[in-house]
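Structures incoming, each one as structure tokens.
First chain A sits with chain B, and in the next complex the same chain sits with chain C.
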Partner chain A sequence: MSLMAKVRLPYYTPVLLLTGLLLVLSEALVPGFLEPVNLSRFLFSALPMIFLAAGQTLVILGGGIDLSLGSLLTLTSVTMVVLFEKVDPVIATLGGVAAGAVGGAINGLSVAYLRLQPLVATFATSFLFGGVSLWLLPQPRGTVPQEVRGLADPLWFPLIPLLLLFGGWVLLRHTPRITLLYAAGGQARSAYASGVQVTKVRFGSYVGAGLLAALGAFFLLLETGTGDPLVGQPMLLGSITAVVLGGTRLSGGVGGIEGTIFGALLLVLFRNLVFFLGVPSDLQVLAEGIVVLLALAASGYALRREA
Partner chain B sequence: MPTLGKAEPLLEVRGLVKRFGSTVALDGAALGLAKGEILGLVGANGSGKSTLIRAIAGIVLPDRGEIRWKGQAFRPRDPGAAWRAGIAVAHQETSLIPQLSLWENLTLPHRALGRPLPTLKEIQDLLASLGLGIPLETPVSRLSAAERQLAEVAKALLWRPELLILDEPTAALDREQVEALFSRVRDFVRRGGSCLFVSHRLGEVRSLCHRILILRAGRVVHEAEPTSSPEELLAHMAGRDVSPPPRSHGATVGGEVLRVENLWAPGVQGVSLEVHRGEVVGLGGLQGQGQRELLLALFGAIPWRGRLWLDGRPLFPSDPSEALRSGLALVSGDRQEMAFPPRSVEENLLAAAWPRFARWLGAWLQLDQARQEALNMAKSLDLVYGGLETPLANLSGGNQQKVFLGRALLVRPKVLLLDDPTVGVDPPTRATFYARVQELANRGLGILLYSSDEEELLRHAQRVLVMVRGQVVAILEGEKLTRERLLAASLGVRNEPYG
Partner chain C sequence: MRPRVHLGSTGLLFLLCLLLLLAQGLVQPNFLTYAQVINLLKIAAVLGILTIGQTLVVLSGQEGVDLSIGAVATFGAVLVYNFSQGKNESFPIALGLALMAGLSLGSLNGVLVAYSRLPPLVATLGVGTLVQGLIVWLGGRERGAIPPILVDLVSTPWILGLPGILFLWILLALSVTWLLRRTYYGKALYALGSNRRAAYLSGIRPERYLIWTYALSGFFSALGGAILLGHVQVMHLTLGQAYTLPTVVAVVAGGTLLTGGVGSYWGSMAGALLITLLQSVLLTLRIEEFGRQIAFGVILLGLLAVYGREKGLRQ
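Coming up: the complex of A and B.
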């Protein structure tokens, strides 16, 4: 097949190499980092960010942005915790996922159907979701049932969701329909003229983001074991950083979740490393800021060279 | 040639009307297209060709009238409905997504509408027949203008439509590519397809089409045979029945105020011209032939090279603020580029003029004087408004254009650049706008006017430079400045391949 004739490096090659480099660096600076126990713990701790950023990727690919995704992660995790106290854990988890879908649908309605600015609309809904979270759970409390937390006991556990996400996305990328998301985000007008129902596609991207945020919330609960009504909001900017680091363009239409997975890994790895090196906490933020700036500059540079 | 026009038409359009604000794009357009026919559609700028196509393609919703497809009423709710019905359009501006690969682009309608994807072999054969030898995984952003245009046609053909609509498909193509495209289209029709071919190139229309319809001012005014002469087609496009408009100048033309030598910019290829005091120089030609870019380059808004003199002094505007300081002001018809909609009329009028009122290095502004001048300007422009404090957004489009003219004048320029300044403005406001422009010329300003409306050029310019593909191909003045000649030069009738 001529499509496969030439081997081309995937778009996420740089972030993949950087992640590898940082892994080696971590082992050098913190001996034992690459041992299975530590590696598993690291991957486990990165899962919430990976899923949150994967959701963000869907929205950004479709030409939007979702500033409410951190709050939506909070809302879904709080929903799960409250439900854990009352119903069967499976139903409780599904309830949280449903909350994620509903939240995503509210975003999708505002942006795709009501045509509000994504930045403004999702900024507004971030307070909506945050407010409902505080109403459901005014203070950190609640416990995740032991049988649920037990899921995460095996060392290989974090690999399962990671591989499912990666593999699932790669499969999806090979279905004809996913192109519509890229088309809508690349040039909405042309996509529309080609028969793409841009509105529906955009709506779908926000719902998908809500679902992935809910999964992120689930993994966060597995790790922390308790509910917190303010847990997700600080993760928002990280999710956007991970998307950019992963090679997805903020302008839409280019990139993918594979890259975002490595982008999120890179981000969490970097945070760990800075922490292990004993950098004072205020400087941690500074260091992260520099990384984001460099990543943006690099992608901007690559873009200009292409044009 | 198949027998035409007798049987039930495949596509029929009756009394189609579409308005955009105060502009009437379609004014009762009607046509019938038989199966197996290649129907040509020609018309000057703004005759409504694009709107007609977009109505058939489900992109714009007509206000009135009827489209019938295979004998049934056809009201496509969105472009997808038209594709489904078997109508594929290759758009002039192309509907390709630059970020996606050629393969993804060609199959986008299939993906969007849930049809099985065509085989690679089918696509490659199609591309080969169009002379397009590009690997399918290439992103469309890397394609040249000609390759994109061919890819757009390939995308439409790949759908295997019953009706293929080609909107200006040859603008970027060379002669061989045009030949390849035409033989592909003829082949498509031989196999039972039908085609609506829209073009400015009369020679091409005559060589390809079975029948030619001429659209003017939103309606079909004439049906011609492909054997008709270009002159006959031109006459109908121009509308000879309308008497030529009176030209309203006679001002004494003074010395040279702007001189341009060999100016190059994106879309502009070595233009030289001069404008004299008291003169309105028109830029004509089809839309998108570099007229806007020429004005933007002179205004320093896009990079350019070449030589420029204003009032005999060399000038190198590298940004608009510098151009304004030197005495060049621009009024664009694109309100998005000019307006500060929520700000007041006063602020919009004075936006560019503040340096004139600044004293003490800008630490002191002569507010009273500025306000007085803004008020005088508003009066002299016959502005219809609720006072200087009114937000600009509350004014009609035509009055907003007058405000932008006022803004340019408050800078006290030597040369005024007008970039299609009255797009979408109603006729009475247009008239006062141009009356004011004429007055300015009489007072010794040099004016360079681009308008997509030939009427305006004929009415208001002493001299018209006709641009084709970034170059000045003809200079018309005096007796030679007629509608027919302007149109002929715009369409390059004399030197086009099939003329």
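Coming up: the complex of A and C.
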């Protein structure tokens, strides 16, 4: 008992346990799931959602929400695909990342500086980004150069971005910049009164989200190998669900990217499981809808209890 | 006390619609025919009926917005399509079923918004996903047909070349305005939207009215979905999806504040007309799908910048 009292469990303990449980369950139902090959493939397929949800976490921590992140992922991936045909792969990738930053900056300008309501403003920009994506790439096409796709060949490849994201966040979490983000999201008015430049911090959170969405787009391209002008939009709700599952509060100021990583893993694991269990494809959407709704409702209910 | 007159007060908006129409007539001289105007009104009516629920929800305040409208409309259409089997006799039952489904899905939104602390946008987006699952599950399996009465409602002229849908729209508009201005529900809705805490302290139970509001939104979405089926005359699983954003734009353009408590359905009607005209202008200018999406996003941002700015932290 005395030991328990000393060890303070991290906020993401529940989602960590759930993820572990689902991993074991997957191995039990689909023998061989935990073998390195399969595990690597699973982690690889989860990378886009993890990075998109990590971006969403930044925005939500800062007290906002970004409904355009799915479209922004599309826009960045389409930009990369179009550039792959014309320029050096490195420059093309950087071009996509730059598109992510620009998109994030448009969101940040609208929400932080123009003070438009985040929900509706990013809803509006989602159509802006979606439209530009369709303009750049009207139909699914394009290929990712072989030397780029080759990056993902080693089995340990998915671990690198994962560890970088996790480690980077754990290291950065207590730096002044991120502390200010928590302050701005928790109590914007008090933060402002204590001299936090809330507007700047919020703007930064949207730009950061755009950058992370671009990284997600890159990993998605590595996996699919082709461009699709509608690829990201269906991932939006998943990104919010992953944040919520990971223990970050939708009202801002509490949570973090570590939890989101496990939240996203949990979501993708669940999808895989539904697929492996042979649930008919027309029921899979429904099954996921129910789980997403339950997760959202449970987190909302928990918030209410706390308040 | 009269609400403050906003830049987009309804009269001004209708005037703007008229100007757009005239402008289009100038660009395309053979455009301004009686039949063409009625056609535009028909399209506006479909959007307008789908906007009824959105107006109520936005009026309820605290960032109230219903993003499940498109999905619920499609679901209503699927039910009508599958259960009427294209027969007028079984249409009333099928429509009743669709409306009931709309009410229940709407109540689900309402319960989530009222009892969990989820932002309405997230809750309704989640319910929308669930409904999309229902649509794929139900709509993908059975075959049906469109009852002729629905097609007649939208396309057969009744009086002076005006089809029934226009009369239905006006009837619904009068009912909604009566509901908002003359009933206890309406007063409570405006009170909730302007100041939820004050409303609560004066004895209005927010949960009850929120659930009713979202339920009504589901009801009108399902009704709109059935009418949309008669308008499009083809059933597909994303029938109503493209209508979700325009309903929000119509409400915002109509001068209803996203913070709630201020606005009217007449404004939303003007908003629906404005969007329909804009779409028609974009079409005549031969702007493709991507251009229309971009235009919509930019227009919504512009409207938000005019009406929807939040207070600064400095006060």
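Note that in this section the second predicted complex is superposed on the first by the 287 of 307 C-alpha atoms of A that agree within 3 Å, B and C clash if a C-alpha of one lies under 4 Å from a C-alpha of the other, contacts with A are read in each partner's own complex, and residues count from 1 in each chain.
One rule holds for everything that comes next: a contact is a pair of C-beta atoms (placed from the backbone, for glycine too) under 8 Å apart; a residue touches a chain by one contact, two chains touch by 3 or more.
Please read all numbers here as calculations on a predicted model, not as lab measurements.
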Which partner, chain B or chain C, touches more chain A residues: C
First (chain B), second (chain C), both or neither touched by A:T13: neither
Touching partner for A:Y192 - first (chain B), second (chain C), both, neither: both
Contacts of A:Q139 with chain B and chain C, given as first, second, both or neither: neither
Partner chain in contact with A:I65 - chain B first, chain C second, else both or neither: second
First, second, both or neither for A:V285, with chain B first and chain C second: second
Partner chain in contact with A:A297 - chain B first, chain C second, else both or neither: second
Contacts of A:T226 with chain B and chain C, given as first, second, both or neither: neither
Contact residues of chain A, present in both the chain B and the chain C interface: 189, 192, 307
Residue ranges of chain A in contact with chain B within the complex: 1-3, 6, 8, 176-177, 179-180, 182-183, 185-187, 189-197, 253-254, 306-307
Chain C to chain A touching residues, read off their complex: 63, 65, 112, 115-119, 121-123, 125-127, 129-134, 136-137, 140-141, 245, 248, 252, 258, 289-298, 300-301, 304-305, 308-314
Residues of chain B that touch chain A when the two form their complex: 57, 59, 78-80, 83-84, 89, 91, 94-100, 103-104, 107-113, 117, 120, 124, 135-137, 141, 155
List of chain A residues in touch with chain C within their complex: 65, 67, 110, 114-117, 119-121, 123-128, 130-135, 138, 188-189, 192, 198-199, 236-237, 240, 250-251, 282-283, 285-290, 292-293, 296-297, 299-301, 303-304, 307
